[in-house]
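Listed below are the structures to be examined.
In what comes next, subunit A is part of two complexes: it sits with subunit B in the first one and with subunit C in the second one.
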Partner chain A sequence: MFSTILEQIVNGIVTGSVYAIVAVGMTMIFGVLRAINFAHGEYYMLGTFGAWFSIDYLGLSYEASIVVGVLSTIVIAYVVGKLVMQRMVGAPAESGVLATLGIALVLQNTVILVFGGGYKFFADGYIEPVSILGFSLAQQRILILVVCLLVFVGLELMVTYSRMGKSMRAVSQNVDCCEVVGIDVPQVVLRTFILGAALAALSGVLTAPVNVSVYGGMGELITFKTLPIIIMGGLGNVRGTFFAAMILGVAESLVATYVGLQFRDTVGFATLILMLMWRPHGLFSTQARF
Partner chain B sequence: MSLTETAQQIRRRDLRIPLGAILLVIALTAPFIGSRYVTHSLIIALIFMLPAHGLNLLVGYTGLLSLAQAAFFGIGAYTAGLLAVTYGTPFYVNVVAAGLAAGAIALPLGIPALRLRSTSFVMCTLGFVIIGQAIAKNWISVTRGDMGLSSIPKPHFALGPLSFTVSGTMGFYYLALAIGALATLAVWAIVRSPAGRNMIAIRENETLAESVGIPTWRYKLIVFMISAVFAGVGGSIYAHYLTVVSPLTFQMYYSTTMLIIVLGGGAGTISGVVFGSLLFVGLTEALRITPELRMIAYGLCLLALVFWFRQGFAPLINRFWNAIGGAK
Partner chain C sequence: MKHTSSRRAFCISTAILSLAASVPALSGLAQAADETIKLGIVAPMSGPNARYGAFSMHGAELAVKDINAAGGVDGRKIELFNADSQGTPVEGVSATRRLIDEDEVDYIIGDVSSSVTLAMQPVAEDAGVLFLNAASSNPKITYGAGVGGYKWTFRNYPTDENRAFVVAKYAAEQRGFSKFAVLSVDSDYGRSAIEFTKKYLPEFKGEILSEDYYKEGEVDFRSVLAKIRDNGAQAVIMYGLADTTPIVARQMVEIGLAGKVTLIGNGEFNTEKTIKSAPTALEGAVEAAAWLPAFDSPESKAFVEKFTSEYDEAPNNHAYVHWDTVNLLAKAIHEAGSPDREKVRDALSRIKYKSPVGEVTFDDHNQARLPMILLQIENGKPSVKGAYTADIQYPAE
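Showing the complex of A and B:
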């Protein structure tokens, strides 16, 4: 009994790590643009498709497919960023919603049109189980955990110390002042956006061996789960996003086991609505940042 | 110079009444002119016009961007389907019940949701669609889950000794046309009333509207409910037309479609919504464009609307209307 709960919690933390890597990109994009990126899950999907394509069609190894998946997403994100995201600087919130919804439709359906709408099988990755402290856990899940921790330590350092991180924080505080002191706001927006999309893609490629199935509509669900996380974490808050993702991951895992698998995907939106009602500024801050 | 100009203006005739008459004749004879498939496309366009009218009151007149329309559309479809299949109630009862059910559910959903602003409101309304779909999928004892409801009867009317069933595409077209026309008139009446002007005031500046004594909170809640009623009625007709309802009625895709109709046609104009539903739903259906291509086109339209044509087709329609009216 106890070990089942513990196992579910560990599984939840792994799922949480996946969400965390996606959500942190979305929250940073919100920070610089003040807009929710409703297309964020699509970059997760693009990364997965890039990796699946390079394994199935090009016969590359899983390691190489990670690179291909992330790089191809970066290229697409660069184009989208140049054409769309940079225009959203200073635009009203509604424009951001509509524009990113539009991007989500275009990306998702282009992929379905090119590769077909059926489920694909992702047959690679480190799926051998290893035994740690009495649990057996797939290697891939450990890899996800490790990458998640590395990503967050890296981001924390970047946001605190690097020039890029400092300019990101500056843009998220006051766009007008940034322009006065000579920070290239569109450039910061583009870089943040590409970084976020690349992280989403990385998360997609890392999860693919665990989820096994790859399909065009997979990004939508991820976008929907990212929304409650970034609200819980406090919009624009990197560290908060990490803990919020873990909470959602564990909650989903427990609900799936003890309430019913079909209710797993509802947890996120129930959380989202409750959070928006009572703590729109997130779990970890005392007042709204934006 | 000015004299000749005036003379020219007089020579230009007001063609609005003849054009209106022609459009009316086309609307009334469309099933005889077009093929069965074209008629079907027009029916779908007319059905989607209803939730779009509701959304227009919300987005175009009150300034609230909502994605919840598909949730109310689904609630309407399920209400009508369940009533018809379980109790065998007639069509008009189902339509009214579906509208009322959607409106009634909109009240408890609207009270918390409308306290949120801009992006938060959008996310919350999106949540309603997802949760609606989850309920339709998992409340199997009532909704029959993924199997959905099937063999919903075609509309049947009984007036004393007279009774007839609307079964063919042609009959359904006239039914949808009548309901669509009624809905358009209803929106027109709402918008023209003092309440409509108060809604516009809320859209333009909510704080100012509040300060001149408009009960903005009550207005927003009531408009949210009215828009849900429109969506519910649309959903019930959709259920009766397709004769099946499945959890896929709760789809983001439908919300996006309704948004495209309103924004593409021109938010805050009634003619825009009518035109938008014919163009974005009717035409794409008639051309048998695959769903994927259609959604790519919708996505590109959204981008174009946001960055270049903020008012959609409305300015174009207005210019055309004024031009044939003889104005320069």
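Showing the complex of A and C:
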């Protein structure tokens, strides 16, 4: 009994890691732009497609496909960032919703047009199971967990010490003051956006071997899972996002085991409603940041 | 004054508009003389079931191509229209409306998903369009057709009731399973197949230890598979989606279930690609299907060969049933002697059509009498264990 619960918690933490890497990008973009990026899941999808393409069509190894997947997403994110995201600085909130939803549709349907709407089979990765703590787990899941920890340590350091991290925090606090002291706000926005999209792509490529199927609509579900996480974590809060993602991952896993698989997606949406009702500023801050 | 002139302008423009509108209507009448047979296909062309849709369309296209190449049906060519249901009832209904209102089709074949087909039935009925289903297995579809209500719905596909019975019987009698876990898709198809499994399992002294349903697009089955590993089930009853089978099979390997627990039910366990994804997990899997490429009849083999040479991949069940249903419709139109929908409908209910899996006739619920083919994966290849037909016991009104 205890080992089952432990196993489910580990499962949940692995799922949470995937969510965390995607969500942290979304929350940082919110920080600098004050806009929810509804297209965020699409970068997760693009990364996965890039990797799948480089394995299936170019015959590259899985390691190389991670690089291709992330780099191709960075290129697309640069174009979107230049054309759309930079213009959202100072724009009303509804234009951000409209613009990012539009981008989501364009990206998703372009992929469906080019590669077809069917499921693709992601055949590579480290899927051999290894046994730890008395249950077995694919090596890939351990990799996801390790990468997630590295990403968050790296982000903490970046946000605290680097110039880019400091300017990101500055932009999220006061855009006008940034302009006064000479911080290039559009550039900070662009860089944050590209970083967030690249992280989403990385999460997609790392998850593809265990999720097996790759298809145009796969980003949508991730976007909707990410929403409750970034609200739970407190919009714009990097550390909070990490813990919120873990909480959601573990809760989903326990619900799937003890209540029923069909109720898994309910957890995220129920959390979203409860958070918006009682703690719209997140679990980890005492008052709203924005 | 201004008021009057705008009213006059309105009258004149209305007159011009209605004249203009009547012209295409007239030319439409003129066209009807050398009419083609307009056939609409509603299938999931995008979304999680897009692969089913692509196979369905290819099957239908192949049949239409062959019929038209041979001169059409009594000289009339078949014109094919396609509408995307995305596998959801809402989109399926609007796709059906589009085919009826804009493309003005007389016949519709669709959908793969039972939930969509159930939603399409009243739309086709209201329009008086002949609605053939080729790939949905929920029993309710023909419970409510023919004498059951919808006069324009026909189904050329065996039902879940038949399937659930055949699978349960084989699993218990031939494989000796008595403890089962359920992992099926959360849809009219997945749920009703389990409902009927529960109806028949007690006859074979089987019990269900756990019951889970997954949403379309679900990718993480580790929690459920761990539960199944611990509850001691011998087989997982899975009425699922083809695209999900490789994910489940892979995670069975990951969690150490491969070779210990057997998959039984339906969800394209038998395609080369699926087996390749996790050979150890699928070894011994039992599936009941309406058709499979390995089915041994000359017509069936000829179809597989033709389809493979045309599209560079082997057909699946959905390709076959759509190909077969287009041919069935062509035969019905030929026997009716005219493409008049009502005559074709009557011809269908009397038809004796020789399909590659056996002779097809329809009962008073417009349900085709068709066999279910049972297969088992042995040494990485599907092996046919027999074909079973059972008459459907309709619930008393």
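As a working rule, the second predicted complex is superposed on the first by the 290 of 290 C-alpha atoms of A that agree within 3 Å, B and C clash if a C-alpha of one lies under 4 Å from a C-alpha of the other, contacts with A are read in each partner's own complex, and residues count from 1 in each chain.
Just so we're on the same page, contacts are C-beta pairs under 8 Å (C-beta built on N, C-alpha and C of every residue); 3 or more make two chains touch, one makes a residue touch a chain.
Treat the numbers as computed from the prediction; the structure is a model and nothing was measured.
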Determine, for the superposed arrangement built on subunit A, whether subunit B and subunit C clash or fit.
clash
Determine, under the contact definition given at the top, whether A:277 touches first (subunit B), second (subunit C), both, or neither.
first
With the two structures laid over each other on chain A, which partner does A:138 touch: subunit B (first), subunit C (second), both, or neither?
second
Does subunit B (first) or subunit C (second) touch A:103, or do both, or does neither?
first
Between subunit B (first) and subunit C (second), which does A:154 come into contact with in this model arrangement: first, second, both, or neither?
neither
Going by the contact rule set out at the top, does A:90 touch subunit B (first), subunit C (second), both, or neither?
neither
Just to be sure I read the superposition right, which of the two partners does A:35 touch: subunit B = first, subunit C = second, or both, or neither?
first
Superposed model, subunit C segment overlapping subunit B, candidates 58-66, 112-120 or 382-390:
112-120
What part of subunit A is shared between its subunit B contacts and its subunit C contacts?
112, 117, 260, 262, 265
As the complex stands, subunit A meets subunit C at residues 4, 7-8, 11, 15, 112, 116-119, 121, 123, 127, 129, 135-138, 210-213, 215-218, 221, 253-254, 256-257, 260-262, 264-265
In the complex with subunit B, residue positions of subunit A that touch it:
35-36, 84, 87, 91-99, 101-106, 108-110, 112-113, 117, 220, 224, 227, 231, 260, 262-263, 265-266, 269-270, 272-273, 276-277, 280
As the complex stands, subunit C meets subunit A at residues 45-48, 50-51, 53-54, 183, 186, 211-215, 217-224, 226-227, 230, 243-244, 246-247, 250-251, 253-256, 273, 277
Residues on subunit B engaged by subunit A in the complex (per definition of touch):
65, 112, 115-116, 118-120, 122-124, 126-127, 130-131, 134, 137-138, 252, 256, 259, 263, 290-293, 295-296, 298-303, 305-307
